[in-house]
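What follows is one structure encoded as structure tokens, with my remarks underneath.
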């Protein structure tokens, strides 16, 4: 791991978990950040990281991390930026605590995502929502401890939001139906028992549908006039979430109904163009973990596929395919015609990179770019 | 295998394939039928079945079948009823041939399903469509050879149709959106390469969406006045079909929009009641392979699941769960209310039993009951 | 579940676990036994079985079992025979307790297997070891409470022992090397995390090698002169145990070195004959769960396979294949010759039926036959 | 792909297959070689590579390769070095043809491996066997066309040989027993049907055991006095090969009997030291694809594992664990003692990198270093 005096020291909460491990992987050799503190539960604290952790990545533990002693959650920390890969059972209070102590908490946990005043950010979509941080003064801070919390969405929400954002911006959305096929790594470790998922599909993931149905609307929402709150985007969102025997990569079948006030002539070409040309602050500012092309449409009929495409653009690129207009009732008439209001497509993203650890790192890079980290 | 003089001899076309193997399993010890002829391609003909076949079932080849010599396709056959598990590349002409030679072809192949005059039957739903057989005279027969073709639907269509039929009958349907997660056994053997599907989802199955989008509407359609054709059911149907790493059992997420002329108060209870009370000719007549309860709703949140539930009721029962009303745009208003027109649910059925070989056997049992087999 | 007044009431300890569930499946409609008491940990006690249990079998919970109230471990029980599918963390004391209270404990747990005086039985191999029960008086009993413990071996040991027993009896064994590829169900539920085993092999299972290396030698051992102890069979046994992504069915590659004092002409035919003709008390007495043929040799090159063959003979049959003499150093000489002392083969058995619950049930059937259950 | 005038142009035979795809991946941005010709069967020839190939790697096809037109096998080629990832059904004649036309054929196919005069090389073990090339004059060449064939071993053999070489050199080997658990990618595409391998183990791979039993002895053999042939290493080798549901990474359980003339005190520490200090020409010369440490011993009990460790050192490192002395018969005596002649361990390597494409590339790098490529 490189280090120079301009590097920003960071801590990782929940360092032994799956998101924590991925954060360590992604922050190794990072040009802005260097990990100097690892934090986990009492069970792990006081032990060398390599002994406290069931490391399940396919690269070795970086050597300086391996021997770092794990601190206990709620210990005082020196680093200002604190990444949180904490489990939701403890993240709520712990993140509030560190924010109140003056830390900038960059969280992947669900607990504060929907809180008023807490930005829920995908840097390509709503970087300006970071301005909400200013409103957190009264919530978390002593006069002299200007800590804050910034969150990234649920893994499936990120895939959906990046697929929907270009369409929402250009065509407007009336309603969205999502069927997800989610990877086991989304449940962490030990997470899903092998007895449950091999040769199987599980048609339920606790709380996941609620997250999908609420978070995307906050991300695509607009800042209220006084910049203190988000007005959610006004489309309908319905989801069924399933777990499938895939290690990494969440797949979504998404059906969209474009706004009734959009013209009647939304073509496949226009939709694909909206995706392929979509870009944002991370690309303009060339943030280190930014994908070159955030959303890519595959013209091959049988793509994208999790195993082949989840690693596109460092695992930060969303992959889309299978766009087609929905068949409508009128097709039973002699001359079938397709509605241009309803389309369906298939979207894929790497759930532990783009959908979790990478999302948090990109948020931190955004804050750094906005000079909000110091 | 039992045998008595009243048993009906049957032949199996495509006996070495996956559907053929399942037909052999299901017809072993069948009270009506006894297999006396096995038919396959030139490559297999003249060999003992056990040598010609890559048997992939988890029960041994029945001993009398194992040593039976395989006949070549287009050979003359003695049995009147002929089950066809042929691949679609050869089924079209071969089935026409055997029908024209006076055989009753009970086919699982796609080739003739949508032909005018050919019944496409799920015995619980549209047994009366079998009357179409009478119109096949001019198509397939010599004056003295009253052969015919009767077909069962595609595997995913059967699951969808049995889930939709009770709703269509009671509430009417405006539109249907389906996301399928289909098992590898649906592609036969060798079928899907393990390099393609382990740790993966493939978002495309050739021709599958077209089958789902057309066949269900024929099954739920009505006979024309002169009983010579089917008028398809007038709802819209849209599907995306995916392949997942599951051995047996097709899973479907189905979104339904009930007819606009149905009352505004369709409750979850009424829908579940429609499913749980659904019954038909196979149940009334106690046909040998008929499931006791064709459609069963699971109240547990995480069910049905392919590995746990595909074998319900001898693999002939459709399993449903996760019924919920779709969220609508109005939810962003202060008082959210659920539309009672849009619902979504999860459906599951065994694709090689209920969805293929078992479907053909139940069709044959229906013909036997209707005295159309002699 | 049938019931008549001659049926023997039994209790199941650890009823909610994987072995407990399998015991319930196997004892449903059993001709001797009827389940009247279900016992589990404090967490489950007082609840209806269906609510206390994560049922993971592919048949529904029998209806009378589903509503039975679970008792807490150490509660007084009415049934004399008590099946134990308890986890080893609690089985030791609990089984001793119930034996001391006069119950006949038929255990699948590891805790007492190697205890002096406790029979470790595979009914086809060493039914006479059951005589050891008489020696348990001083260990577990009040004068008037003649309880006892009888055990079945570890799942991998059962497969190995049934494969080795015919060879040991006929040819003698000098040394045995085993490589196991074990199914995930062997670890119970939740057991092996899907994050660990999908697309993977784990080359270690805690305590498993020690069990394989010791238990088989006790089973194949002989009763001491005074019938109070077992003298282990004197061959060497070495094992490496791995976990593979298979749901049910333990596979073993076994290398045997026959005794140096056996003749030099052990042929493949003789070995296969030893397996195929192997039979014992369960077959002679036609015990209800006895396989017709305990060990079957497959001549096909690519068999047996877990998914295709684990269910042979109700899941109680051991399957063997790939027998071949080991290549020896002398092969580099012009005229290769095979040693007839070293052979290798591949063995397979269903780990939760033959290897666990079915083993316990067959032991109980043996005790019933020997009139040791009342 | 970089290019400068000193780059060596190379052709790839069998470019559309799995080994061909991996060769393309590994040769992208290679410092010595640049791919200028792609060769495949008639079916693919004349088409752009991206259209001719079912690309199954998790990185995109390099853009210059994607549009390259595929040549037909037996077409004249301009590149002197020709990598062969051909299927064995065509490799024999085609490789002889290209060698006779003056090309240096670096082959991964099995056809010529055991031919007299053809080196079978693992650069860390037997780089000097490359001298055999000089003897190929009379076999393959016109006076002016000094082509030749050099081969790398079978994928499982490479893992075994790199694990055994350090032991053979230091302690001598009497006999070796191997149980392999091989990945599906070893069978190419479509290769193993998903219907055969999900939830399963297949205890047979055609020809694989013969390759393991013969190739390792050639690699560890010695050059004859006149340098025209290899005298195989004189230990006994016995193998059972199985296929398991793993995508990449062959696992081997290996039992070794050290030479009877070695001292009786071979310790675990000495064995582990032999592995961890093993190094050779690729490391000394810092060849581009050489692993830093060819063989690494893992002290954790449950390692190595295919999914976690197959990518070690660019997929070129062999991973070993679970070393333990074999239990011997004498253990039944009061004072158990371990033989120091028999040990067992678990070895793992990436079968399509270290075991195939990477092996060929490292062989080419070796030839380049030895100035045998021009």
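The chains carry the letters A, B, C and D, assigned in the order they are written, with residues numbered from 1 in each.
FYI, contacts are C-beta pairs under 8 Å (C-beta built on N, C-alpha and C of every residue); 3 or more make two chains touch, one makes a residue touch a chain.
The shown structure was predicted, so the numbers you read here are calculated from the model rather than taken from an experiment.
For chain pairs B-D and A-D, the one joined by more C-beta pairs in contact is B-D.
Ranked by how far their CA centres sit from the centre of chain C, the chains are topped by A.
We define each chain's centre as the mean of its Cα atoms; on that basis chain A and chain D are separated by 41 Å. Measuring from the averaged C-alpha position of chain B to that of chain D gives a distance of 48 Å. Residue positions 56, 198-199, 245, 247, 307-308 of chain D each touch two or more of the other chains.
The touching residues of chain A, counted against chain B in their complex, run 174-175, 177, 179, 181, 198-204, 213, 217, 232, 234-238, 240, 242, 244-247, 249, 251, 253, 255, 301-308, 321-322, 326-332, 342, 344, 346.
In the complex of the two chains, the chain A residues touching chain D come out as 56-60, 198-199, 247, 307-312.
Taken in their complex, chain A has these residues touching chain C: 18, 56, 184-185, 189-199, 245, 247.
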